[in-house]
Amino acid sequence: MRLPNKTRAIEEAIAGIKDGDTVMVGGFGVPGTPMTLIHALVDHGAQNLTLVKNDANEPGMGIDHLLQSGQVARLITTHLGLNSNAIAQMNSGALEVEFNAQGILAERIRAGGAGLGAVLSDIGIDTELAQGKQVVEMDGKSWLVEPALRADAALIHADRADPFGNLAYVATAQNFNPLMAMAATCVIAEVETLLPLGGLEADAIHTPGIFVDHVVELGQLSEEYAVVRR
Amino acid sequence: MRLPNKTRAIEEAIAGIKDGDTVMVGGFGVPGTPMTLIHALVDHGAQNLTLVKNDANEPGMGIDHLLQSGQVARLITTHLGLNSNAIAQMNSGALEVEFNAQGILAERIRAGGAGLGAVLSDIGIDTELAQGKQVVEMDGKSWLVEPALRADAALIHADRADPFGNLAYVATAQNFNPLMAMAATCVIAEVETLLPLGGLEADAIHTPGIFVDHVVELGQLSEEYAVVRR
Amino acid sequence: MVARAAREIAPGMVVNLGIGLPTRVVNHLSADFPVCLHTENGLSGIGPTLGYDKADRNLIDAGGAYVSTVPGSACFDSATSFAIVRSGRLDLTMLGAFEVSATGDLANWKIPGKFSPGAGGGIELAQKARRVVVLTTQTDRVGNPKLKEACSLPLTARGCVTRIFTDMAVIDVTPAGFALVETADGVSAAEVAEATDAPLALPDTAIPTF
Amino acid sequence: MVARAAREIAPGMVVNLGIGLPTRVVNHLSADFPVCLHTENGLSGIGPTLGYDKADRNLIDAGGAYVSTVPGSACFDSATSFAIVRSGRLDLTMLGAFEVSATGDLANWKIPGKFSPGAGGGIELAQKARRVVVLTTQTDRVGNPKLKEACSLPLTARGCVTRIFTDMAVIDVTPAGFALVETADGVSAAEVAEATDAPLALPDTAIPTF
């Protein structure tokens, strides 16, 4: 037995994304944001997308490119504070935004990746964030139903990978990547370093390659990945 | 800032377990089963325990010692096939057994560790495993409510640790350990190798030390940890 | 039958081999065959089973056998392992059976009053793998057929089984019930039908043997 | 006030410092003080903040500042990070505030029509940390008190705040409402009461200063 090879050219990896798709995008700020895959999705041109991403990056960076190109109809997120473009699009009605508590967004994505229907949570139950949510009584207590989220595609950034798609992340670039890598029908990972099979220690793999469909090796990293000097 | 030290003598680590407590025990077969902590719990003598463990090990091994000493009133598990003592106790009524589908037990424990109330699942929904479970309708489909599980204490086996309680597991000794290490009020880890702070790579830690209360360094491993020749 | 079942695995698949007979399929896969074997206790990329002398005490499959790894193996916890199963990332699972019904219902975990050790991970495998096939003897130890019009034992999952490999035949579960696909060398279609407790459709053409 | 707030951290605690003023508390903790700082984007064991020249592009806190690690730091994903928060493993969180009510309600994420970028991780921190304290100015930019009988803005969490550190005072939230604990050097109790839009109980004894 040997493990199958999933390395692809970036255009081939991204080709299956269609108009109207839901696309999850890893990253919290710059760390873990798949900058190169995002540019490829701009070039690809799929329209009317629903994005799922923790934040909207900053103007001129990351998913802001997809907002600026008008490809995004809806954004499921936790915080837009650093992207004035995103807030302007939201306020003008050009962009529909659904806010989630950050850890609840993480759990909804993970639940999608784990084949569950929902999680029950009490986060925000007595605030306006509970409005419109289904409530379940269990053992005399009320719980909010937080439905699982799945996507047609997930764009992932990893530090290291092997050709089967086993992924390892570094530092705070992990964030939503391992969760989104479980929760999409087509999981596309851009990786800084591609190692041969066996190059990653079995116990130090964050995302088992079973979840990953396409592995794209990055060349020289663009300035967008660098330290942001504000 | 430096991270606090949680290393303890085994008797001190286990002393807080009380009669009637719920205790989670890691392991799937031999790998990951905290054999030494189990013996310490036998010596400690707490009665009327509810254990949560994937399996009941084999006669004369692992939690079988707690079954034989009569300390266990109830066992929440997935499979007892290799322990005829456990099956005999169940059939005689001496031991109350609750069976869960294996991945659902894992998710219920994880949900407890994640501060959730429950997960919604369709596993076993049209079989006898659904009997007695609360059903929720969501988007026109029925889902079983699988309540979160928490414990008073969790007994964990790890390969490596540092004094703050950061843990790393090897091979298939991971199994339920990282989940149970999230889900108990008092988490006690026995570790084969204790490294100084910084001895574990930050990205290769499976269980962050925040979850862990007591770290017990093992000396020479007993025969119970060895390869089982059947 | 084990060798025949091994041919059911297509290149590139992710496969879980259930406890018992299915585990033996691993011995019929060549070293360069592209496949990822998964075991629910937390390993992807299973290599050949090892003897006790070469065994790693921390490396077992869900049946407790000591296994090896291949380049690119990954280890993970039980929640992640069943996330793989429930989210449909298993292309195929091969399971043992007490009974299979003509509608593909599977019973393989409980015989009330006799055998009830718990289902382990079997329910999730049977309910969620993209394709579920069964590897079992055509009849039980006392000669009773395991393939029946309806299961009498508690079900593992409904309508999940699509194909059954036995010591006598390969049999598909079709919308019209059991259909004979192949017979073992030296076994007649009539013998298979006799050992099946439900109607068995025969093909119009010659029946291949394995 | 930041230095005073830092003294609220007891040895051995697990602490999350919210975005803004609370982040600065890290600069008032000595190198040998036993504490574990957590940031919700996936790091335990935060060390001092770094300048751009020494920054690791992949190592930030939830506010986007470039941080360092300490021996024993651990990295984890966002689900694990909030599992820590929601399961009650944070001994203390220090948060910023727009408004705090006399019953400990906190509003810090939305000003309808003006500021609604989303709450990020703030709701879970406020609702689930074992102890929630607020670090904020006593009044907003135009001089309006932030401590009020009831919040007028959408709530982050109800009844969560137990103590408030401001530029003027340390104030507890008690079952009877706000209670003055300490004043800043040179600030009188009357001035604090004047800058508080709710009754403020004074201690019977002399009021310490910080």
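We call the chains A, B, C and D, going by the order they appear; numbering starts again at 1 in every chain.
Here is the rule we go by: a residue touches a chain if its C-beta (ideal position, glycine included) is under 8 Å from a C-beta of that chain, and two chains touch if they have at least 3 such contacts.
Quick caveat, the model's predicted, so the values are computed rather than measured.
Touching chain B and chain C together: A. Taking B-D and A-D together, the chain pair joined by more C-beta contacts is A-D. Set against the Cα centre of chain A, the chain with the most distant centre is C.
Our note on geometry: chain C versus chain D, Cα centroid distance of 56 Å, whole angstroms.
With centres set at the average Cα position, the gap from chain A to chain B is 31 Å.
Distance from the chain B centre to the chain D centre is 35 Å, each centre being the mean of its Cα atoms. A separation of 29 Å divides the Cα centre of chain A from that of chain D.
The set of chain D residues that touch two or more partner chains comprises 43, 75-76, 79, 82-83, 85-86, 128.
Chain A has residues 107, 110, 114-116, 121-122, 169-171, 174, 202-203, 206 in contact with two or more other chains. Interchain contacts give a graph that is no line, ring or star and is not complete, per the touch definition above. You'll find the chains touch as A-B, A-C, A-D, B-C, B-D. Those residues of chain B lying in contact with chain A across their complex are 107, 111, 114-122, 134, 136, 138-139, 141, 143, 145, 147, 168-171, 174, 201-204, 206. Those residues of chain D whose C-beta lies close enough to touch chain B in the complex are 11-12, 14, 26, 29-38, 43-47, 69-76, 79-80, 82-89, 128. The touching residues of chain C, when paired with chain B in their complex, are 39-43, 52, 55-62, 64, 66, 75-79, 81-83, 85-86, 117-121, 123-124, 127-128, 154-158.
Put simply, chain B touches chain D in their complex at residues 1-5, 110, 112-116, 162-164, 166, 182-183, 196-198, 200, 202-203, 205, 208-211. Residues of chain B touching chain C in their complex: 28-32, 54-55, 77-82, 87, 97, 99, 101-107, 109-110, 121-124, 126-129, 159, 169-179, 206, 225-229.
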